[in-house]
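Report on one structure; see the data block that follows.
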Amino acid sequence: MKLTHFDEEGKARMVDVSGKPPTSREAVAGGSISMKPGTIRLIKDRQISKGDVLGVARVAGIMAAKRTPELIPMCHPLNISSVNIAFDIDERESTITIKTTVKMTGQTGVEMEALTATAVAALTIYDMCKAVDKEMVISNITLLEKRGGKSGEFKRRLKDEG
Amino acid sequence: MKLTHFDEEGKARMVDVSGKPPTSREAVAGGSISMKPGTIRLIKDRQISKGDVLGVARVAGIMAAKRTPELIPMCHPLNISSVNIAFDIDERESTITIKTTVKMTGQTGVEMEALTATAVAALTIYDMCKAVDKEMVISNITLLEKRGGKSGEFKRRLKDEG
Amino acid sequence: MKLTHFDEEGKARMVDVSGKPPTSREAVAGGSISMKPGTIRLIKDRQISKGDVLGVARVAGIMAAKRTPELIPMCHPLNISSVNIAFDIDERESTITIKTTVKMTGQTGVEMEALTATAVAALTIYDMCKAVDKEMVISNITLLEKRGGKSGEFKRRLKDEG
Amino acid sequence: MKLTHFDEEGKARMVDVSGKPPTSREAVAGGSISMKPGTIRLIKDRQISKGDVLGVARVAGIMAAKRTPELIPMCHPLNISSVNIAFDIDERESTITIKTTVKMTGQTGVEMEALTATAVAALTIYDMCKAVDKEMVISNITLLEKRGGKSGEFKRRLKDEG
Amino acid sequence: MKLTHFDEEGKARMVDVSGKPPTSREAVAGGSISMKPGTIRLIKDRQISKGDVLGVARVAGIMAAKRTPELIPMCHPLNISSVNIAFDIDERESTITIKTTVKMTGQTGVEMEALTATAVAALTIYDMCKAVDKEMVISNITLLEKRGGKSGEFKRRLKDEG
Amino acid sequence: MKLTHFDEEGKARMVDVSGKPPTSREAVAGGSISMKPGTIRLIKDRQISKGDVLGVARVAGIMAAKRTPELIPMCHPLNISSVNIAFDIDERESTITIKTTVKMTGQTGVEMEALTATAVAALTIYDMCKAVDKEMVISNITLLEKRGGKSGEFKRRLKDEG
């Protein structure tokens, strides 16, 4: 078991993927942000009438997916070919669930892009609502599915969503 | 109760802080990433001998704090004057806790900078270790303390931290 | 009459503003994008039902205001304190008018921030609609008003809007 | 007629191009900036003797082409393979015309890169000359030609240039 | 003697400057790039007739000064108020000397901004000329002068410059 | 002998590489930073006990390689597939030597990526140590080796390393 982002002497490096054939890749990441009941109602109501918190968070998440290699030191620069972010408002649990799907044909996976988009979408919801609720909590940011590449298919079932 | 990042018609905007006096600001954000016992041992061992996962994650988090206004659409550009990121390895719980403190003298708070640094530090740990553990989960990203500005002092006790 | 962004020998430079006192600044820029009647109806209808072109363009414009010094070589880095972008849909003329207001307390004006936000908002409308209309035209990007600083107040009346 | 940057529910997304074959692409965009006769003479004279406004604007435009996906939310990150920006000084009309050509082999068009480079070149001319002329107007930013991809060749004749 | 960018436990941090009073700052950095006699003649000739290598390098250096905090991990984000880059062509030594002056009023020095601008200007000269000369060498990048702040005035005489 | 980054009229441009076949590329760049004996001992000691200057510089250099096209105006955006940075501490000469290897499969070389990573790693060492040593000098930044592409293999022997 070894961490590929370090060489034998323990020096951090960007792993060499130049010999890998480009294949079709897909990653799905999830995450959630929980808040006070009044905050989630405010977000839900504004979606329809005035001021769309989730619309702004979706744009922020999509833009962040493209900037992943600038943020995560050992990530390869990639030309992702698709980003989709879906929000699910669970009013009973006072939680918004985020699900991001990223696709690409290339030499390396797009997990970090999906995870980063999810985190930044959640942070943007926090920013838009922090004037009324400082106690929101971002949780469960994790990889849900992954397809393509040498390591094959990965699928996980979140206990928290179970 | 209103969301200040929208005007009366519901249009998103960067809130006007030009009339606010600059005051000394501080924000402390927390977060955690849980993983398999084997992964946390790998991180702990490498800290000493070869390949410092947390050292790379700390640099990534500090750099991300500076890029918060590029990522979070309505955040004001700020000249933060200090960033500190502390990691705490809890081997029993297989969890690394992250605590970020950001300071500045200015017209607006630095919560988003502290939260973004925390999230990117956690994402970097994920990236460095994903070859050995795809099921890590990032959680509990939240504001712990806030000082300065009109809204005064805020302090929270995370339930998850007992 | 001289171009301040060049020195006596004609070398480009970032003008020295270190001796100027910080004052309250405001700039208002305008611009427009004209399109086919079918395209403007699509934008107008979607605002209400599904898919908000102008919402995405507003976020893009606000974010671009913050990145002005990265795009315009001789612009000073600034901590702008407010950005507002308003769209006006003129269905008869098949034109959307953009008006951006930027505020700051500082040593230099914020015209370029207001103009850049306006241009990027217009470019984003173009991008969102180019699948149905390749012949949109962006025009009339200009400074409408400017307040603060040594040069005092400036106000212009656009002939095109006259 | 539909806007491809939104899904069926109206959520903004980066369109999936992963199934499209890479083809040779080219886009030509145009734009113009009009100014006072004295300003255009200043630019023309300085080209030869001292301080090259258009040289700086060209560099800014080329660099902006590369940053298009960071500015326009739904644009795909692309590895453009060529950018050319030509200026034409029309002293009689007191107008500088800008023409940008961008090339690439890839899965999506490069219109937005050509348009963004054109807009940023024009904004840079504005910035370099605003000390002597606040009333410059940027206009006619539009797609002139497009080659490659499924939608085939597009060519437009600008009425304003007619 | 201690490295201020690390705390007592050796963790990297962005040093806290929030308690320091803003003062007027200036830094001058130097550097050089040596090349084949044919290359330097090409640069010198083109300055007058066609294609200004140093003009492009100057724009690149000025823009890089503004991006210093994005590149150098522990650098504070700063609003620099002036950048000037001067080139001196020494045909006999086949060397171009670069001298960059950066000014600002703030809580921390601008050495890194001056050094980064110098390095990027030199790298740009390399890039513009590498088709004809792969063996250029960038050297002597160092701080020449520094004014303002607690540490007072610093002035150095480069041995290499005799 | 001509500078390819300019056209026949001397206008700067990003060279068209769209017709070139993608080949495997590699570039190795070197550089050095010399300092006081006390400073190099501080760096060497901290590597083991507390505060890893070279670890931070390595992360900065790797991240800078990815941002080369944003810094160097005529550089093509590239998806580099590997970056490795090695430091060699020569205590007798009070000098740290930097060697960066970048790989990619693509239409253009990666020299500028290797050189930029080297320069930013050296600048970061400067920044981390400037509190104890303002007189460090960065030198010998140059291309050591290059493989792939039309121009074939290039290898140089640094006199300074001889």
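When the chains are written out, they are named A, B, C, D, E and F in that same order, and each has its own residue count from 1.
Keep this in mind: a residue touches a chain if its C-beta (ideal position, glycine included) is under 8 Å from a C-beta of that chain, and two chains touch if they have at least 3 such contacts.
Computed from a predicted model, the values in this text were never measured in an experiment.
**Student:** Quick one: which chains contact subunit A and subunit F both?
**Tutor:** Chains in contact with subunit A as well as subunit F: B, D.
**Student:** State the smallest step count from subunit D to subunit F, taking one step as a move to a touching chain.
**Tutor:** 1
**Student:** From the C-alpha centres, identify the chain that is farthest from subunit E.
**Tutor:** Between subunit E and the rest, the longest centre separation is with A.
**Student:** So what's the Cα centroid distance for subunit C and subunit D, whole Å?
**Tutor:** Taking the average C-alpha coordinate of subunit C and of subunit D, the gap between them is 16 Å.
**Student:** Starting from the mean Cα coordinates of subunit A and subunit D, work out the distance between those two points in Å.
**Tutor:** That gives a centre separation of 32 Å.
**Student:** Indicate the whole-number Å distance between the mean C-alpha point of subunit C and the mean C-alpha point of subunit F.
**Tutor:** It comes to 38 Å between the two C-alpha centres.
**Student:** Which residues of subunit D are in contact with two or more other chains?
**Tutor:** As it turns out, subunit D has residues touching two or more other chains at 11-12, 52, 55-56, 59-60, 63, 67, 70, 73-74, 78-79.
**Student:** Spell out all pairs of chains that touch, sorted by label.
**Tutor:** A-B, A-C, A-D, A-F, B-C, B-E, B-F, C-D, C-E, D-E, D-F, E-F
**Student:** Mind listing the subunit A positions that touch subunit C in their complex?
**Tutor:** Subunit A residues touching subunit C: 52, 55-56, 59-60, 63.
**Student:** For subunit F, which residues count as touching subunit A in their complex?
**Tutor:** Residues 24, 55, 58-59, 62-63, 65-67, 78-86, 103-105 of subunit F touch subunit A in their complex.
**Student:** Mind listing the subunit D positions that touch subunit C in their complex?
**Tutor:** Touch residues, subunit D against subunit C: 1-6, 9-12, 31, 38, 42, 46, 49-53, 56, 59-60, 63-64, 67, 70-75, 111-112, 115-116, 119-120, 122-124, 126-132, 134-143, 146, 154, 156.
**Student:** Can you tell me which positions in subunit D touch subunit A when the two form their complex?
**Tutor:** 7, 11-18, 69-70, 73-74, 76-79, 106-107
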